[in-house]
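A, B, C, D and E are the chain letters, set down in written order, and residue numbers restart from 1 in every chain.
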Amino acid sequence: MLVVEDVHKSFGAIKALDGVSLSVEQGTIAGLIGPNGSGKTTLFNIISGFYEKDAGNIRLNGKSIDGLDPFRIARMGLVRTFQVAKAPAKLTILENLLLAAKNQMGEKVLDNFLKPREIFRKEKENLNKALDIAEIIKLKRFKNEYAGNLSGGQKKLLSLGRVLMANPDIFLLDEPTAGVNPVLTLELVDVIVDIRKNLNKTFLIIEHDMNVIWHLCDLVNVLVAGSNLTKGRPEEIQKDERVLEAYLSGSKST
Amino acid sequence: MVLLEIKSIYSGYGDMEILHGVSMELHHDEIVTIIGPNASGKSTLLKTIMGYLIPTKGKIRFNGADVTHLRPDEKARVGIGYVPQLENVFPPLTVTESLDMGAYTMPRHGLKERIEEIFDLFPVLRVKRKEKASALSGGQRQMLAMAQALMTGPNLLLLDEPSAGLAPNTRIDVFKKIQEIHHMGSAIIIVEQDAYQSLRISNRCYILVMGQKEHEAPADRILEDERIKKAYLGG
Amino acid sequence: SGAIQAKEPVKIGAIIPITGTSEVEGQDMSRGLQIALDEINTAGGVLGRSLEVIVEDTETRPKSGLDAVHKLIDINKVPVILGGYFSSVSLPTGNYSNSQGVVQLTWSTSPALRKVGPFFFGICGTDELMAANTVKFAIEDARAKRFGIIVDNSAYGLGVLEFSKREIKKAGGEIVAEVKYEREKADYRPELQRVFAQKPEVVVGTLIGKDARTIFKQAYELGLKPQSGWYLSWISLATAPSIPETVEGVKGLIGRLKGKAANRFNEMYQEKYGAPPQTVWGHYIYDAVWLTALAINFANSPEPKAIKDALFKVAPVYRGVSGGGDKTFNADGMQKYEVYQRMVCKNGKLVIYQK
Amino acid sequence: MGVLYFFVYLMIMANVYGILSLSLNFQAGVGGMSNFGHVAFFCIGAYTSTLLVMLCHVHFLVGILGAFIASGLFAFLISIPTRRLKADYWAITTLGAGEIVRLFFLNESWISTGHYSGGPFGIRGIPRPWESIIPGNIYPFFYLFLTLLFLGLTYFILQRLINGPFGRVLKAIREDDDLPLSLGKNIHEFRVKTMVIGGAFAGIAGGLLVHYTTYVDPFFFMPMETFIVWAMIMVGGIGNNRGALIGTLIIQLLYYSTRFLKDYLPIEAQLLASLRMISIGILIVVVMLFLQEGLVKEKKRLY
Amino acid sequence: MLFQQIVINALIRASELGLLAIGLTVTYDILKFANFAHVEFACIGAFLAYTMNVTLGMNIILAGLVAILVVGVLSIFIDRLVFIRLRGASSIALMVTSLGLGIALRNGVRAIWGARIKGYAIGLQNPVELIGVRITPVQIFIILTSVISMVIIHLILKRTKLGKAMRATSANPALAQACGIHTERIVRWVWFMGASLAALGGIMIGLDTHLTPRMGFSVMIPVFAISILGGLGNPYGAMVGALILGLTENIGLYTDLGKILTLNGLIGNLTGLYIPTGYKLAISFIIMIVVLLWRPSGIMGKRER
């Protein structure tokens, strides 16, 4: 579904990505792990069109998405979250969620006057969906609260809520549970598993919380210093000496 | 000796009260972890201690003096260091400049050595010393934020989710470092979500729920308490 | 109730740029107005009542000027409005006062004013006369062939520009530079460079108030001088606030202010405000107030229609302090004669020019 | 009677400025585009309608439509190259664009309707719509009704856009580009559309103004006018249309009432005029101090 | 006219406006809003110096120094009175507040000193000729003063603890507080610095030309253009922006575009094609827009991401 081939990116003298490749199959959950600064977020930024890459190839459903604007990539069914949660301060939680719904007719100026009724109906539908999602991310109580007033963890939850609402074909989640309390994290893991199972969606997840990775992923990619170290099923990765040394155990490796 | 004493403080944002009478204390040789669900008021508590929010009721005493109404910079000068949960670096400043800023209250001599010590603690930062903070990865920023707060060797260090976004190996390192810092004479309050590691190096633990202190116990006791583990630490 | 009414003052309105771009000129207007009012009321007022002027600020903004006339006409119900100095203000305000049958006397000089309507009067000669005379002055005096023109970028300045150009062409002269400057700027060196780049023999045009001061000063500092001198329309506008050395020898025209009346006005002004007037506009508003007072008395009524008719009657017999003194209106309600005086700046004073 | 006419005049001006405030509020309050050259659209609308009606002899309504289109087009033109700029850069760039438009109409005196017209001479004799069939003494009432109609139309259209999904995207764009981009919103397109819609309505306001004053010249469109409209939407409460209208009324009132106050103060005209402007300035400051979010806070959209 | 003269003219203008623009940009950096009242500090400073110089007969340099100090203190007073209550407010709210304040200050000056134009008691300056360039002693003084002030500003920003604290406060005020920086004090210093630079600029304009209550307002737009041109928040950018503005205005009006288009007569014969002087103000804006298209945050602006 998503294929990344030999992507390079440097910022001045720093080689952030030095030939990274990975692929994510339709309907699977792939993990992306690696030490801090290994280039995970940079890769996300490149896939989603926020950064330009220096070299390499990225295909989504067989089509190249090189050089497309971020919003076009999103419309092709790939939506990402940000590591540092973004929460427009003057939009309420519900508005935040509604914003994410795709194909909104009401975003077209003229349709607002030509097809008001349809827009109204669609809004209602979206609203119900948004309320359901607010329930899942435990923000229903705050539904009319400005997003700017949320706690750190709640902002992270809201990010997740927005992608759920956007309901793309492939989700790119950058540390979705960092700062979220562990009990809720477990629930969210179940939610993701459900979506994958019932809707056959695809996920690529960056996470430093190994519980999440081990629970969720079908395949884990390990990145070190901007290149692939290895990939494999969680069980394999867990035992891989190189991964243990570079990432999991607490020696001075960074 | 009690270093920090919080007596039944009420605090919040504007009209919205978040903390409803929280009390706690901290001895000068302690590490204390605060856990609790999202939005329970943990960050709000740290902001109140640091002086960003002024409690409507209650008292905060530090080293025996009433510091309830001191501004954050005055708190920094009496020896409280703080690492916020979000926005905890100076984006346009380079790593070295940021560390320099962390040592703002200190005399300039010995600064170089101090920075070198910090670099020993976080070797990544040495590599990145000429980079702007905005060019760091999420985890590197987190380290920089900690490093900045450590520049002065504060008596009390408030850490708001220091391990969020850190790779597992780094996380282990960071907690080791926190312990080292503690041995060098700082009392520490840590707010954490994934609290296993934090609890391992802590003396005591507070559980904050809905702006109130729900529970208080020695750290090892918490790790043994299955009910609490299930409710707050995810089993 | 008749007795009480008799004591009530007759109120007329004035719109003056007290603040904003033209505030310096506005100051003189307020003062000229006050001097005339004091005289009239000491002399017994109008219709046995005292004359009062409600002064509104136009902020040198058309919209604000409109607000002001609406208030004066709709609320204060004045029969006469004086002013609208800036033609961007006089034109729209004139349209309204004219449509409401209220008399307006302006001292704007744009030729466009002619068409406003029967209730609209101009008490200052329009630009074409002034510009033509200025060019004539330059040609006769300096035998000039190569002209530079500098004007401020307003309806007034452009009027001067247009008519100066016409006159120069008629006389077979050559225009080597044509510069419009924006008001109220601190630096006119680029504009000066342009005027003098082609070495004009004379520079004609018009410079206003504080800008003129800057322009002359900077020209002096840069050593820029037309070979045969400056010839300016409304020279007093340009030289009044300027530094004497920088305007030495600058020539130009003014509406003739000489004569007993004008001298008396200048003395009164000096006495009352401790300094001579900076511009001629105090003179014009002074005449406007007097003309109004005379017209009201002549008509024996404060009704606009009567005042309008009376204005034509009283103007020819009135000797004013501005523009040569003869304030006779032509059929358009504009000035029939405007007598200009050739002046030169000597030791910081404007004196009558003699070859 | 006179008082009534004055009131009608006030209300006509309030309606014209109301349209300006609504359109600026749409761009700035909702879309976060701090446009400091709003007066440019006002100006282009005024001139377009004037020239269409006077030179092409079209009907007033066609003139207004022309104003709508021309200002929208100009908004489109300037928003294409500048849409990538950050807020403050944008603010000053638009301020510059506004001045360039004014300088254009000031310096290009061939844009005129005859002798002594165009450039700083201004254009006189702009016809008032339906003047021949409406008696003079009720004409102001008619014009009041007309401007009210346009104000209502503007309000209705902008309100509908703000309250729906379109407005939601704008509010998100107001704070940050990356999030809406990541959700598939073409932010540049939204920005351009917002500018065009706001600009077009400001053009209507321009047309309405000059068909009432029957005169136009470039000095109607100094930067100060934009500042005044800004003060209107800030005082009323930025981000919501009701606030923008209330703010318009308040600032208008400030300007007028200070004129009346002075009639009762025995102070010299010079000083008085200064004091009047000082009090207008101070009142703006005071309103901002006590009502930081304006009189009417931005309404939270509750579900 | 000689090309050197044009450069010198540009330099004089750049010196005056540059001081104002640096002040604006420095305050913008910390206070995070475009202060529309900034130029009024220039006006107030110039008039205070006038009172001391002309009315009280003080030496102009002494008068200037006192005026600069007084304006600095006045700005702090205004901050305490008004802006301190608006610390968390949106930048637009602050902008509009400063707009209102600007109207009040401008007309306050008018009410106190009147609308008549004024000049300092420095007599008429007779120009000297150096390498074919005419320049008056006061203009030399203006250029020197502004160069010296810029060096001082540079040293303050780069070498002092205050400069360091300003950078931190600008980048993240809350975190700066946690580092022990009394941000409110920094804000006060910044007001002081910005306003006194403005006052200095105002006095320079007054020395070079004259004083009127609208002298600040009338340079507002170019001053803003300069700060934007250089990149908001960057004092060095403001200096460069001022130079660019001065040069383009002077050279732009002086250059015969006809000669350029025809490569000095090589192709066709077209001369006397000048930019109409009425568009002088537009030159700086067009330059500004072109620069922003090339670099969206100004020549030396902070780049994000």
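Odds and ends about this structure:
Just so we're on the same page, contacts are C-beta pairs under 8 Å (C-beta built on N, C-alpha and C of every residue); 3 or more make two chains touch, one makes a residue touch a chain.
Small disclaimer: the values here were computed from a predicted structure and weren't measured.
The set of chains in contact with subunit C as well as subunit E comprises D.
Each step here moves to a touching chain, and the least such steps from subunit C to subunit D number 1.
Taking each chain's centre as the mean of its CA atoms, C is the chain most distant from subunit A.
For the pair subunit A and subunit E, the distance between C-alpha centroids works out to 47 Å. Measuring from the averaged C-alpha position of subunit A to that of subunit C gives a distance of 72 Å.
Averaging Cα coordinates per chain places subunit A and subunit B 29 Å apart.
Residue positions of subunit D with contacts to 2 or more other chains are 106-107, 270, 274, 277. For subunit B, the set of residues that touch two or more other chains is empty.
Counting only residues that touch two or more partner chains, subunit C has 19, 27, 153, 180. All chain pairs in contact, by the document's touch criterion: A-B, A-D, B-E, C-D, C-E, D-E. Of all the residues in subunit E, the ones that touch subunit D in their complex are 28, 34, 36, 82, 85-86, 89-93, 95-97, 99-108, 110-111, 114-115, 221, 224-225, 227-228, 232, 276, 278-279, 281-282, 284-286, 288-289, 292-293, 296-298, 301.
Against subunit B, the residues of subunit A that register as touching in their complex are 11, 14, 33-38, 40-42, 83-84, 138, 142, 149-155, 157, 175, 178-186, 208-211, 246-254. The part of subunit D that touches subunit A in the complex is made up of residues 157, 160-161, 164-166, 168-169, 171-172, 174-176, 178-187, 190, 193, 197, 239, 298, 300-303. Here subunit B touches subunit E in the complex through residues 50, 52, 71-74, 76-77, 81-82, 84, 87-93, 97, 100-102, 104-105, 134, 148-149, 152, going by the rule given at the top. Across the complex, subunit E is touched by residues 28, 34, 81-82, 84-89, 91-93, 95-97, 99-100, 103, 106-107, 223, 227, 230-231, 234-235, 238, 270-271, 274-275, 277-278, 280-285, 288-289, 292-293 of subunit D.
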